[in-house]
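Across the two complexes that follow, chain A remains constant while its partner is chain B and subsequently chain C.
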Partner chain A sequence: MSRARQKPKLAVWKFASCDGCQLSLLDCEDELLDVVGAVEIAYFLEASRATTAGPYDLSLVEGSITTAQDAERIQEIRKQSKFLITIGACATSGGIQALRNFKDVKDFISVVYASPKYIETLKTSTAISEHVKVDFELHGCPINKVQLLEVINAFLNQRKPNIASHSVCMECKRRGTVCVMVAHGTACLGPVTHAGCGAICPSYNRGCYGCFGPMETPNMPALSKWWKVELGVSDPNLVRALRTFNTNSKQFKEESERHE
Partner chain B sequence: MAEKSQVIERDALDDLLKVLREQGYEVIGPTIQESAIVYDRIDGVSDMPVGWTDVQDGGSYRLKKRTDESRFGYVVGPHSWKKFLFPPELRLWRAKRDDAGFKILEEREQTKKYAFIGVRSCELHAIFIQDRVFMGGKHVDPVYKSRREKIFIVAVNCAEAGGTCFCVSMKTGPKAQSGYDLALTEIVERERHYFTVEVGSERGQEVLKELQHREAKHDEISAAEGRTRNASEQMGRTMDINDLKELLYRNYNHERWENVAERCLSCANCTMVCPTCFCTTVEDVTDLTGQYAERLRRWDSCFTIDFSYIHGGSLRKSAKSRYRQWMTHKLATWIDQFGTSGCVGCGRCITWCPVGIDITEEVKAIRESEGGTHGDQT
Partner chain C sequence: MSSPKKSKTRTIKVDYLARVEGEGAMFIKLAGGEVKEVRLEIFEPPRFFEAFLRGRNFTEAPDITARICGICPIAYQMSSINAMEDLCGVSIGGQLRELRRLIYCGEWIQSHVLHAFMLHLPDFLGYQDAIQMAGDHPDLVKKALRMKKLGNEIMNIVGGRAVHPINMRVGGFYRVPTRDELLTLNDELSWAIGVAEELVHFTGELKFLDFEQDYEFVAMRHPDEYAIIDGRLISNRGLDISVREFDEHIQEEHVRHSTALHARIKARGNYFVGPLARFNLNFEQLSPRAQAAAKRSGLGKRCNNPFKSIIVRSVEILYALELAQEIIGKYKMPERPYVEVKPKAGTGYGCSEAPRGICHHRYTIDEEGTIMDARIAPPTSQNQKTIESDLANFVRARIELPHDELQWQCEQAIRNYDPCISCSTHFLRLHIEQE
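What follows is the complex of A and B.
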């Protein structure tokens, strides 16, 4: 069978973010040669300043929208991209910087910057999907590089990515990790959190921090109730647990507001 | 085969593990990891939870020191034997593209043979249930079968019951009746610590021969019976199974399903820890070049959205429909499908539910509401 196909053009874009997710691509050391064998890396400033003009077959977008300029830039990227996949908590929910959404951003600016007058920023940090149509969202802070390869792979082979959206609990149980909530009384967001990390924290006796955001059908009130009544977690601590990398995701946000 | 109970002294347990290892078994038994008693490879009694017990309730599990040196002074933990017979993740086959299309590279199933130490009666029943699922019909699961055929089972009759145990209700314990190679009852007295041993197979007989043993005396047999009786009387939970299948079929639209859905996290822990749950998902994975593919099988759960996804969407979108599906399958449709209940009363789903949902309470609530509205006590 002839496998001669034109290499799809891949672009990697950065918005408000720490670069950790796009770094995951460079972190695929063993597979990197296969990746460049399969795609033309047309735009990826973290890897090379050589760029090729659009349109692009696949765009990976990291980061959230926090400035008016970025809100315009993402529109152009969408126009130039056949498929657009967002990677990481910033791009999929607004990231940790979405903590500003709960407060007045001007107050932050006045505290952080010596000359606040030079700062132009939006009041909110929002997910890419709030601005343009997104073809697939890959969750995580940071994303799991194996999952990133799987998404690229699925795109290249024109199939659905095998990315489960159930709870982290299933990953714990499959690897045989003892439940930290049941056996140690440790507050854990695993039951309401999207799988993908492989249940790292519980395997080190820590509760899940919810880095991958809400799972497919999170029952937030039921978990909060158990944390408060059975594990003795206070409202401020519950709010803090929900307001991290995915603070702006709908379910975590609403639940944190219920306990404010 | 010795039909009469035998006796081995406390320290012969280590010899038993040694004999099994010498016969080429990988010896798997209870051991403490991450503050829980789990099943893993053990090299001797020193790896076991000697002098420990577990305190269990809905959504809670804690280890506690005992005042004696019991080897099996606890009940079941988060793991079950299914992880060895029916592994959580398994590659089914690999394929490589070639000129003609593609070629399947077959997986060679491991030849490891396991000896399971400390299998409780409820767990034996769970294995029998999975036997029917994986080997009972026309389509036999080759992986399960090749592992199952080789296992050596050392059962242990519970001397105490746990806080979420209800094997008596499910008629699956606490005493192992069959299906084992050897069955032990641990007896800890002030002056003596020994095991009575029942032999369940020729293989068991052969292994026992290697150990110092003798026929049990009357008082030893009655001491063992006392331990079993004690466990029977201590059940932390009960479930009235009379007419249970019909009860659930009659109450498909009961308001209790809404009530439990408010508490249920759909996290799937109950199905993962259940020793009889057998659902899997199959994933096909390709490499970046499209020249190589793999088919993987993983434990799945009826609590996920993907589980009932068909063209157009998921059939069970609500937590209510998912919980109802699980519980009704376990306690009712399982009987139609396989001829027995799918529940063995081990209590794992109660203990390991992160929010302590209790299957026995759910049944009771539905049953009592009927009694309340119809006054029907039959």
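What follows is the complex of A and C.
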């Protein structure tokens, strides 16, 4: 084992986000000590003040790009990283802060801050992939920690991550959860939403709210029609449902615009 | 590096403070042995929650505001729910209220264990991080991880998942757990209560820097409970107000070096929220076991040294574990998981004790339930001014220390607050500069 002597270097980077996805790594309580046995935590400020200079074998990127400085920083991180994986809805689609993309950000600043001139921000919140090449995108708001371990494992062993790209519906079937939309008339984004959470919401008697973003090939018009015709959901309610944590993902964005 | 004694100008800077949640820096400027300027720079990019909450339905606030912070989502969900229920004239009692307290215990446990034993403790034992610490203290780190997992497990069962739980709603829950689901937690809680007691004792034996300040502590007060999810707002200097009166007494200011607003009590100035405030104001309401553990660890009924917040967090972990077990022991599954809440035009106020201190929300909605205005005061932004004043006073007495040591101690003085910068931005690089 020629690689055995030198552990691969893992870095965790943060942009505009809530810290929840990187927390998922620390939430791997049973596996954390094994993970740090297998990799060198070279840069992970939430957990350690010790940092090692790049290059890094694997970079996990949390958060979206919302400032000019961050747009430059991600370029440097890409240059320093052999593999770059985005973790979570912010990094993968721009996050809930991408709601600014539909409005004039100046209005947003003045709502929150008394002295807008102190605030430097871009007009949009964008996914990491709009700025640099991304090797893999892990969905979720928040990500599923079991999937995070799988992705780290796969990249360190140079294999494809075993992450399903089908919809939440499949997860409900596998769990044996009765369809909340068909059986209870509860509006659910499960049919168009990327699997990964394990279909939590329907098992708690609520509809999926799309926090994992669109699946690979979602049939958006069919979903909208069902919501409107079968469930009587109004256009504004449909638009708001599509505009949450993955509001800037192509399919959710375009479908929401069709119903504005 | 220049010697601090020869040089007139001294800069201590940390561009990205570590083992805090979110991004910030510290800037300290020293000139001729005097502290000229202290700035806690919060450069976490703003995300404008209060702006994009406008136009959303009042029922959406818990899921949206949870995303302010991945470490304490329940605090945001609970405070926003409290505000909406206040606004609509609904009061939730009985087992639904107990379930809210239970999931909040889960959040306190996971957040406090993370901070006390994985982020804060390495400072006391001289390690860069918990991973390095685990090399020499594997049993300690494993116990902490197991306890953190239990906190997360409470959140999983009651809330559906640990980060951004999905089960909290205005009026109650989407689905309430069965008694059997909750009872699966019981054995682990019994184990953890014993270990938490040991850890209170262990943290009491740590060596603490001598740093006592005269603070105004602000926390919630409930007549019958160590307040977590509701109560009045009180302080050790006479503040005693309802959650509705927050804006009349507390002012938020926007300063150039921070994307988080600074809060102050209008009549007096900066104040201190979080575990130390709760402990000092509500000690008598802790369980007998938690009070006894605190006394054995050497804490009095009052503690004015923020470095000792690690003991206080351990006491609160013990308390939250006991409370969780008590709630589960008495739990009877409610017949209805929630109470229907109809929107009413008006302004509502909500507050709860996030792991880091009071988290205050205010919303105005119209008769359709659409949010017209939102204001959120997270705990770390309320502590910002106190952190800055701590740093100024702390550095003043330690100017002769070697640069690296002073820098590390300054970082620790900040970490005492378990600052959550993602929350407050709505925090940390460290510069210390001497002219």
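Operating definition for what follows: the second predicted complex is superposed on the first by the 256 of 260 C-alpha atoms of A that agree within 3 Å, B and C clash if a C-alpha of one lies under 4 Å from a C-alpha of the other, contacts with A are read in each partner's own complex, and residues count from 1 in each chain.
Please note the rule applied: a residue touches a chain if its C-beta (ideal position, glycine included) is under 8 Å from a C-beta of that chain, and two chains touch if they have at least 3 such contacts.
Just so it is clear, the model here is predicted, and its values are computed rather than measured.
Model built by superposing both complexes on chain A: chain B and chain C fit together without a clash.
Looking at the shared chain after the overlay, A:N205 reaches both chain B and chain C. Of the two partner chains placed around the shared chain by superposition, chain C is the only one that A:L99 touches, whereas chain B remains out of contact. Touch criterion not met for A:V151: it reaches neither chain B nor chain C. In the superposition on chain A, A:A50 makes contact with chain C only, not with chain B. Looking at the shared chain after the overlay, A:V182 reaches chain B, while chain C stays out of its contact range. Using the contact criterion defined above for the overlaid structures, shared-chain residue A:V132 touches neither chain B nor chain C, since it reaches no partner.
Contacts of A:L242 after superposition: neither chain B nor chain C is touched. No C-alpha atom of chain B lies closer than 11 Å to one of chain C in the superposed arrangement. On chain A, the patch touched by chain B and the patch touched by chain C overlap at residues 205. Those residues of chain C lying in contact with chain A across their complex are 16-23, 44-52, 54, 56-57, 60, 63-64, 67-71, 73, 110, 114, 118-119, 128-132, 134, 138, 141-142, 145-146, 148-149, 152, 160-164, 166-167, 173-175, 253-256, 259, 261, 337, 411, 420, 422, 426.
On the side of chain B, the complex with chain A involves touching residues 33-36, 38, 59-62, 77-79, 83, 88-89, 97, 99, 101, 262-269, 272-273, 283-291, 298-299, 301, 303-306, 319, 351-356. Contact residues of chain A toward chain B in the complex are 1, 3, 31, 34-35, 37-38, 149-150, 152-153, 156-157, 159, 162, 164-167, 169-170, 173-185, 188, 190-192, 205, 215-219, 221-223, 225-226, 230. Those residues of chain A that touch chain C in the complex are listed here as 14-21, 23-24, 26-27, 29-30, 32-33, 36, 41, 45-51, 66-67, 70, 95-97, 99-100, 103, 105, 107-109, 111-115, 118-119, 121, 125, 141-142, 197, 200-201, 203-206, 209, 211, 237, 240, 244-245.
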